[in-house]
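In the two complexes that follow, subunit A is the common piece, with subunit B as its partner first and subunit C second.
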Partner chain A sequence: MLAYLTNLAVLISINAILAVTLNFVLGYAGIFSMAHAVFFGVGAYTAAVVAIKLGGGLLLATGAGMAVAALISLALALPALRVRGEYFVAASLGLQMLAITVFSEWKAFTGGIGGITNIPPARLFGFEFATPAQYLVLTLLCLAAVLAIVRLLVRGSFGRSLKAIRDNETAAATYGKNVAVVKTIAVAVSSSLAAVAGSLYAFYMSFVNVESFVLDTSVLLIAMVVIGGVATLTGPIVGTMLILLLPAALSYLPGLPSTEIGSIQQIVYGAAMVLLMIFRPGGVWSLRRGQGQTR
Partner chain B sequence: MLLLQLLINGLQLGAIYALTAVGFALIFGSTRIFHVAHGAAFTIAAYLFWWSFSKLQWHWLPALLLASAAVIAFGVAMERWIYRPIQRHEGAFFTVFIAAFGMQIVVQNAVGTVFGRGFETVSVALSRAVPIATGLYVAPVALVAIGAALVCFVALAWFLTRTQVGTGLRALSDNPDLVRVFGLDPTRLSQVAFALGSALVVPGAALTAVTQGINPNIGAHIMLISLAATIVGGIGSLTGAACGGLLLGLAESLALWKLDAQWSEGVTFVILFVFIIFRPAGFLGRPLGTK
Partner chain C sequence: MSSPAQILLETHGLTVSFGGLKAVDNVSLALRAGIVTTLVGPNGAGKTTLFNLITGHLAPHAGDVRWLGRSIRGLPHWRIARDGIGRTFQDLKLFDHMSVLENVLAVTERGAWLWQTGGKAGATERLLRAESALEAVGLVDRRLMRALDLAYAERKFLSVARLLASGARLWLLDEPASGLDPRSYERFLSLLRSQVKRGSTICIIEHNLDIVHGISDRIVFLDQGRVLAEGEPKSILSDPNLAAIYFGERAA
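And then the complex of A and B:
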């Protein structure tokens, strides 16, 4: 039971990092990315390859993943500079679909459909992370660091520029904001921090394959942000907990066939997205805080 | 010969995509609602057709009618109970999009739970390929697909240009406020757009069940294709969406000439990506202005 809870807590922290970083572009910059799982995947694959082929430790593997993700994020920043709204959603969907194909077909790097197995445990200054409890400490520390970075950026002048661009790009440009640079940096920061989650995931699971980085993952992350509360600091974490605890809660309900739990979970969060958008577009967290903003 | 074969397959696929994309473009063009649950309508139509035709052994005509009735009800209900309440308090694109996507997830999983998650095909004599020349096989259903697409487009063009409701729909896409000035009801017209756009998925859905088979996840793929076709063709242009659908179908099929089948979806999205970066207005769309 304790092992089960620890495992769940590690997965919640990893997903919370993803949700917080997605919220950074989605909520504060108004860049509606449906390709966040791509950077999760890039981080995971890069970390796995660095750890196996180069024998790199946690820092090297994560750093490499962040660098590669930041580079690939240009593929997302480019359409974000050109178009908004529907067009950008379509572009990011395209990137996500393309990435799935690359992840499952580029066998030399990603191991194809089978993925990469036997990733060595993470090493940090000679210390080797072995038990789930140690990983829990590590992921919680990373989550705290990511939250601190995002909070710093959002509360500072960079965050004000972001929100200005989100609310009115032309007005922001008139006031001398360099829209292109601010957007590109926002996407790069969000993507490289998502790669941190990827690296942690690869080391923790010691196995990665394309299944974890598909469109459904991106959509699930969006659901976490939206249900928790867009453009709030803690909302995405609440959303992550709600969504990941749901299957666990459902499995305690009597009379549900276990094969249907996955699909009932999806129906519940799909319906939650619909109902929230009709009645409370700011997300559940904004109920209590009253600071949710959907634009 | 392989190229010709791929070309014919591409035309068949393109006709199906074009039908679906035009429905999406019609809804988006006239109501400005990004109806991503269009893929869900497709799934519903495909499964009801398969269920009534293959399982219950109905004649194909009532099976198609059942599917049409169901998707029209679905489209109109989405407009009435989901999009309209959202737009009443806030019209943000983001909010509408999330709600529609949530609905797509609900439908996909509900269909999986009710009808099973397996792969289903409708087998009819028409889908059996007939050799036309050496190494060239064509199933009569390809002609049905192209014919159905042409009939639907001609009927739609007639409806939009020659009837009063059709003219109203076109007016709605140009200027909703002016529609109100002329004493027409934009709400009623939106519902017509949803009914008509949703009904347009039925031939494509039935043909997909016959030619390729269906599974509950097909809605997501269809949604992506409709979206891509509408953008590549140019938002606001039905002809553009039809051409976009045709282009994507052809590209997906012709890609098999040089690439493995797994890359066909990748090809679609490379096309979309290139269009968005270099020509976001699409090849027949209006200029983007401040978007």
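And then the complex of A and C:
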């Protein structure tokens, strides 16, 4: 039971990193990306390859993943500069589809459909992470670091630039914001921080394959952000917990046949989403904030 | 006036068409330092389009825009803004979900990188500039409210505060007084006058003839994309031909 809960907590903190970094572009910059799982994947594959082929430790593997993700994020920034709204959604969807193909076909780098197995445990300054509890400490520390970075950025001048562009791109440019550069940097920061989650995931699972980085993951991440509360710092973490704990909680409901749990989950998710959008369009976390709050 | 003031902005033969319609047709005018110029003319005369051409929101098909003697044609609008040309919009274009203070603070921060240059001293200077702009328009006690929740007149004043804080030398105001009640309107006029005294150059698009009388040094009358007349308010406003055009009857 404890092992089960520890495992769940590790996965929650990894997903929370993804939700927080997605919210950085979605909530603050208004860039509605359907391709966040791509950068999760890029971080995971890069870390795995660096750890296996180069014998790299946690820092090297994660750093490499972040760098590659930031580079590839330019492929997302490019359409973000040219199109807005639903056109960008379509463009990011295209990137997600393209990435799935590359992840499952580029056997030399990703191991194809089978993925990469036997990833060595993470090493940091001679310490080797072995137990789930140790990984929990590591992932929580990383989540705290990512949250601190995002908090610093969104509360400062960069966050104001992002929000200004989100609220009115024309006015932002009219008052001297270099919209293209701001958006590109925002996407690069979000993507490279998402790669941190990928690296942690690869080391923790010691196995990665394309299944974890598909469109469903991107959609689930959006759900975490929207349910938790866009453009709030803690909202995405609350959303992640709700989405990952719900199936766990449902499986403990007495008298529920285990074969039915899957479909009941779907019904509960769907109903919760609809009710939330009716009563709390700002997300669960907005419950705690007064009306007319800035975001 | 003994010697004419320095020319800040000049347009030469500025032309743009949408489909077959020449929205701005061969417009040449000069905006001089410390002078309030008002653009008048019926709807569709090309007044806002002229602003869009000056600020780089639209690219002219012909002609040139010169700022302090240098051509700024084809520059991206954020560059033109940094050079000191600021504007307001008819639909205000506020940053609706940000606080009043953030709306103003955001325009003082031009750097696109993750942080601004100038360190703590720079940040303090920008905050002071933002707060004094809010003070000037009377929105200090609304500073933490969301821009979306302000009353209409307050929203208009916020758009002016943004301009004030941006430090622009040339203000292009697009119908700034429409929809203001008489008291707000008086406050707005005195704000503009004090700004002119501090050396700003202002160009206003306005339908309200009181404003046109009350503050303009020069009037440029536009119709169908062309400058029909230009001069001092008295002579322009008393011209029966122009009045006929303005009030909807086409002059023969």
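Here is the rule we use: the second predicted complex is superposed on the first by the 278 of 295 C-alpha atoms of A that agree within 3 Å, B and C clash if a C-alpha of one lies under 4 Å from a C-alpha of the other, contacts with A are read in each partner's own complex, and residues count from 1 in each chain.
In this text, a residue touches a chain if its C-beta (ideal position, glycine included) is under 8 Å from a C-beta of that chain, and two chains touch if they have at least 3 such contacts.
A quick note: this is a predicted structure, and the numbers were derived from the prediction, not measured.
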Exercise for the section: Go through the superposed model and pick first if A:226 touches only subunit B, second if only subunit C, both, or neither. Expected result: first
Practice task
Name the contact category of A:140: first (subunit B only), second (subunit C only), both, or neither.
Solution key: neither
Practice task
On the superposed three-chain arrangement, identify whether subunit B or subunit C touches more subunit A residues.
Solution key: B
Handout entry: Partner chain in contact with A:161 - subunit B first, subunit C second, else both or neither
Key = second
Practice task
Answer with first, second, both or neither: which of subunit B and subunit C does A:94 touch in the superposed model?
Solution key: first
Exercise for the section: With the two complexes superposed on chain A, say which partner A:178 touches: subunit B (first), subunit C (second), both, or neither. Expected result: second
Exercise for the section: Identify the partner contact of A:281: answer first if only subunit B is touched, second if only subunit C is, both if each is, neither if none is. Expected result: first
Problem - Which of subunit B and subunit C A:261 touches, first, second, both or neither - result: neither
Practice task
Would you sort A:246 into first (subunit B), second (subunit C), both or neither based on which partner it touches?
Solution key: neither
Problem - Which superposed partner A:11 touches (first subunit B, second subunit C, both, neither) - result: neither
Exercise for the section: Could you give the residue numbers on subunit A that contact subunit B in one complex and subunit C in the other? Expected result: 170, 294-295
Completion exercise
In the complex, the residues of subunit C that touch subunit A are 55, 57, 76-78, 81-82, 86-87, 89, 93-99, 102, 105-107, 109-116, 123, 144-146, 148-149, 162, 166
Practice task
Would you tell me which residues of subunit A are touching subunit C in their complex?
Solution key: 153, 156-158, 160-161, 163-164, 166-168, 170-179, 181-182, 185, 189, 231, 292-295
Practice task
Show which residues of subunit B lie in contact with subunit A when the two form their complex.
Solution key: 34, 82, 85-86, 89-90, 92-99, 101-106, 108-110, 112-113, 220, 224, 227-228, 231, 235, 260, 262-263, 265-266, 268-270, 272-273, 276-277, 280, 288, 290-291
Completion exercise
subunit B partner, complex, touching residues on subunit A are 32, 78-79, 82-87, 89-91, 93-95, 97-98, 101-102, 104-105, 170, 215, 219, 222-223, 226, 230, 260, 263-264, 266-267, 269-274, 277-278, 281, 294-295
